[in-house]
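Before I ask anything, let me first share the structure, which is written out below as structure tokens.
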Amino acid sequence: MPASYAYLGPEGTFTEAALRTLPEAATRELIPYVSVQSALDAVRGGEAEAAFVPIENSVEGGITTTLDELVAGAPLMIYREVLLSITFALLVRPGTKLSEIKTVSAHPAAQPQVRNWLKKHLPDAHWESAASNADAARLVQEGQYDAAFAGEFAAALYGLEALETGIHDAENAQTRFVLVGRPARPAAPTGADKTSVVLWQRDDHPGGLRDLLGEFATRGINLMLLQSRPTGAGIGNYCFCIDAEGHISDRRVAEALMGLKRICLEVRFLGSYPRADATEGEVRPPLRGTSDDEFMAASDWVARCQDGRF
Amino acid sequence: MPASYAYLGPEGTFTEAALRTLPEAATRELIPYVSVQSALDAVRGGEAEAAFVPIENSVEGGITTTLDELVAGAPLMIYREVLLSITFALLVRPGTKLSEIKTVSAHPAAQPQVRNWLKKHLPDAHWESAASNADAARLVQEGQYDAAFAGEFAAALYGLEALETGIHDAENAQTRFVLVGRPARPAAPTGADKTSVVLWQRDDHPGGLRDLLGEFATRGINLMLLQSRPTGAGIGNYCFCIDAEGHISDRRVAEALMGLKRICLEVRFLGSYPRADATEGEVRPPLRGTSDDEFMAASDWVARCQDGRF
Amino acid sequence: MPASYAYLGPEGTFTEAALRTLPEAATRELIPYVSVQSALDAVRGGEAEAAFVPIENSVEGGITTTLDELVAGAPLMIYREVLLSITFALLVRPGTKLSEIKTVSAHPAAQPQVRNWLKKHLPDAHWESAASNADAARLVQEGQYDAAFAGEFAAALYGLEALETGIHDAENAQTRFVLVGRPARPAAPTGADKTSVVLWQRDDHPGGLRDLLGEFATRGINLMLLQSRPTGAGIGNYCFCIDAEGHISDRRVAEALMGLKRICLEVRFLGSYPRADATEGEVRPPLRGTSDDEFMAASDWVARCQDGRF
Amino acid sequence: MPASYAYLGPEGTFTEAALRTLPEAATRELIPYVSVQSALDAVRGGEAEAAFVPIENSVEGGITTTLDELVAGAPLMIYREVLLSITFALLVRPGTKLSEIKTVSAHPAAQPQVRNWLKKHLPDAHWESAASNADAARLVQEGQYDAAFAGEFAAALYGLEALETGIHDAENAQTRFVLVGRPARPAAPTGADKTSVVLWQRDDHPGGLRDLLGEFATRGINLMLLQSRPTGAGIGNYCFCIDAEGHISDRRVAEALMGLKRICLEVRFLGSYPRADATEGEVRPPLRGTSDDEFMAASDWVARCQDGRF
């Protein structure tokens, strides 16, 4: 197993910054790839142990490139997730003053986060889109533009300095990243976990999707993401990427997945892994009747009934 | 274990006739008891191996005395059920002619089945209720009444003759009887089985009962009887006696019972046993997604996912 | 319209006592009938303005004679309900001492309420069942038995005295009575009302009954009684007598009834009337989203959408 | 009201081709805009009567730019939809031979549709992405690239010729476009209609989304699109864009919308309009119990009950 992690590059992006928050990243070689697809292919092809890619952000929602790569092709599995708050720094060549900035650049996805700031502080600056925020920084370094919006961590990499930090029009702007590998036994449950699956409906009828979701609801399982993706079979044909609270080794989650497996055309398991947003207050205890203890007690009781000992 | 069956007597009733349709009855001593309660107490107390009592009829519905006895007290289990079509014979002392009949007797429950026949053939006869149809026959034998409505099989027992047979105002008049014993391992599934349970709701809220029934519906299980019985805790407090299609060893039934066990205040298992109405045409195959094979395949799949082999 | 109320007699029963708690009873002639059926027939036939009969008690559950009469035949409607706590007095001929009582009598339904008292205070007394508690009192008056269990109010009627009052083994023993008349515009809602209906399922399939109950649950309506009654079409064929919280003029109740009407084979409306158990604490406000105001607002909004004004 | 339609330009794209299939387009001035946002702003600002934009395709799913524009800002309404099958022509300057093509261009979204064709017929050609297929054609016209993939209709516009037509890797590749205007009374139902709404959940709890979908399922309404979009309130906060079968003037749809309005935090109505895929075979009749006639009959029945005439 190669001790390397592929990630969506280039260097100096938020993706790299998020990846470096993982302790295990310190002991791996981190290799940038030009696309989500190529990073995941590196895993599928055995060149990398795992790939680190963005999967959801608070502006775009589910990131479709990543979802579509996970939905199709050889099975992959999510091992970990990381949540990163997205705030920008305005990076310039050392010595540049705010008043000297005529052109700014960044990835188009940065725009919603910096638009108001620009309107207020650089109303006359001309915007040029770049392939990534890191690329924008590089182009500033090379003198093509005057300033780039990027993560503050990109300054050192490109010999720039941050004229302003903490730029974020929207509160709560976050991106969720996942570490994806080949199928393996999921990490043990932590008590605050998340399970990801993809569901294909068997046929289309009134109440069909309601019944799918009912498999979760009946077991008291909360959903955290529901994203439809086209199956390629024409307009109106969708599969559903779902993140649910809980771990596949939780009895309620296992039973819900069994129920889905029975009624769906196909179910793809994408992993059970610790929730990045787990803090004391946010993790609800299982609803009454859905804890492992209650599942076990019910299972024991049925076994006793089957055996005539009740 | 005493080789005797208690039954709701006296001799010569439909209950005895139904009991005698069971092959195993031929090898037991059949002992009549004066009430359902005393027959079931004989089982609870170890005096009888099993008790045979009526539990449902097409006129009265669930027979509350029997249901209430099963709901409370030491646990009992239903081993078998028998369906008997109820048609009456008009029994008289030998030689009595129709025109000579001035008084007729039977158990009040017989009335709905013979009312029209009486109106047509004996419009002037006086009706006297008896404690059982067999008692009515005995009272005819003793000369107190001229004729009794009872099962044809009662004629020989009381030295009477049947002046008319096959009397039944209502088509489809049937009574369902059950053979009840102490808890034991249920008989193996036959492919056409029924499972009986009693449910107590945890608390009362909009949708509470709908959710209980949802545990069956989610697993594609059809209900055959739903009878509410008061819990004794005051007006409006009910438990529910339910007969469902399937056997507790069917995966779908086991999972539904586990679900009920988790969300109910209490569940009492009353047994899984062959359906008396099982004929080729009446037994539906499990709905798609609810067969044992599909449950097993889903369970295997989840186990593989838990193990990282998918 | 005859200014008389029929009731299940004879005089001196709990039914009469419950009827007399209704203010309007003071201005009507109250006529006892020998059976629930005859009392209801008096209404159907126009001889009585309304009939007052027991419909549910905490020991028996739904009183099947009454339910079956309401389910079939010409439509009737429930106008009012009365809840009566059932406690017994021990009635004797004046001067009789407890130690002199050798025989006691009452309707069999009284037994569960007085069994423990008897065991403690009159362990050797012989029990004789009577057709009603009032009949038992009459037979004591006539000298046939020594004592009767009946409502204290029966003492004066039969020239007896109460040797003991407040006898009740079970707490919460209550009987619910209803005043039944020909269909009419239901009384205006009081804020704490109940609606009674009878439902016949269109066909029998897994989830069928769950879906019926879903029509109530979707609108946040709590159920207070669910009693199955055989339809007469053979074992396993049931209709359902349901009492639900709310008044047919409540928007949520009206919409639920419309839903039932659409999916049921048949629905029989049995009336909307004030709850007898309505006290400040017991009446829950409508769940969020189910008040009349919210229904109206939603209806207005759809109308505006239909009209293009949003 | 300006008699013009804005559309996502430039000229010569599939969007324009789809727009021209609408009869009413012949009588309007058709004005290309550089973005979906600017086209919709033209409507909001009163410069255009309506805007024509892509909303869903079989490769991408819901087109998020369009959905997000409809979800937020001043209310707009969908008047019409158009489905267009997407097949490409290979456009070259007149006289160019296949063997002379070294560079090809198109919008990146074209790639999945032409990839296999390229691999087979032009394995060595270099791909350059363009801002639109029409732009690619223009750049071929200008000599910058040798060939462009675009709609065949674009050839004339740019003085090119189609070397090959009907190129489509995927069968069923379609794009759905909508004509969007300011709120108005929806067109009368055609019998095969679609209703679009956006839903915001009131709070997040197990079963919450299932209950939302239950409002449709309870009324037998099939869903055709379910697309989650972030609300901007942070990761995991979504609203749902839903297309459902039926017209807001259908009673079942109106009742479902009322139900959603009552339980959702917010509902935005996006219009009821004829289905573009309506053909005899594809339009299912309403499920039993959900037709307008059945709704009306049920409503009449409840009115009669409320009035005491039943």
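We just call them A, B, C and D in the order they show up, numbering each chain from 1.
Please note the rule applied: contacts are C-beta pairs under 8 Å (C-beta built on N, C-alpha and C of every residue); 3 or more make two chains touch, one makes a residue touch a chain.
Composition by chain, UniProt nomenclature: A, B, C, D = Prephenate dehydratase.
These numbers were taken from a predicted model, which means no experiment stands behind them.
Distance between chain A and chain B, defined via averaged C-alpha coordinates, is recorded as 58 Å. With each centre defined as the average position of its C-alpha atoms, the distance from chain A to chain D rounds to 27 Å.
Shared contact sites, meaning residues of chain C that touch two or more other chains, fall at 214.
If each chain is drawn as a node and touching chains are joined, the picture is one closed loop, every chain linked to exactly two others. Chains touching one another, given as pairs, are A-B, A-D, B-C, C-D. Those residues of chain A that touch chain D in the complex are listed here as 56-62, 64, 83, 170-176, 204-207, 209-210, 213-214, 216-217, 220-230, 232-238, 240, 277, 287. The residues of chain D lying in touch with chain C in their complex are 75, 77, 183-186, 202, 214-215, 218, 248-249, 254-255, 257-259, 261-263, 267, 269, 288-290, 294-295, 297-299, 301-302, 305-310.
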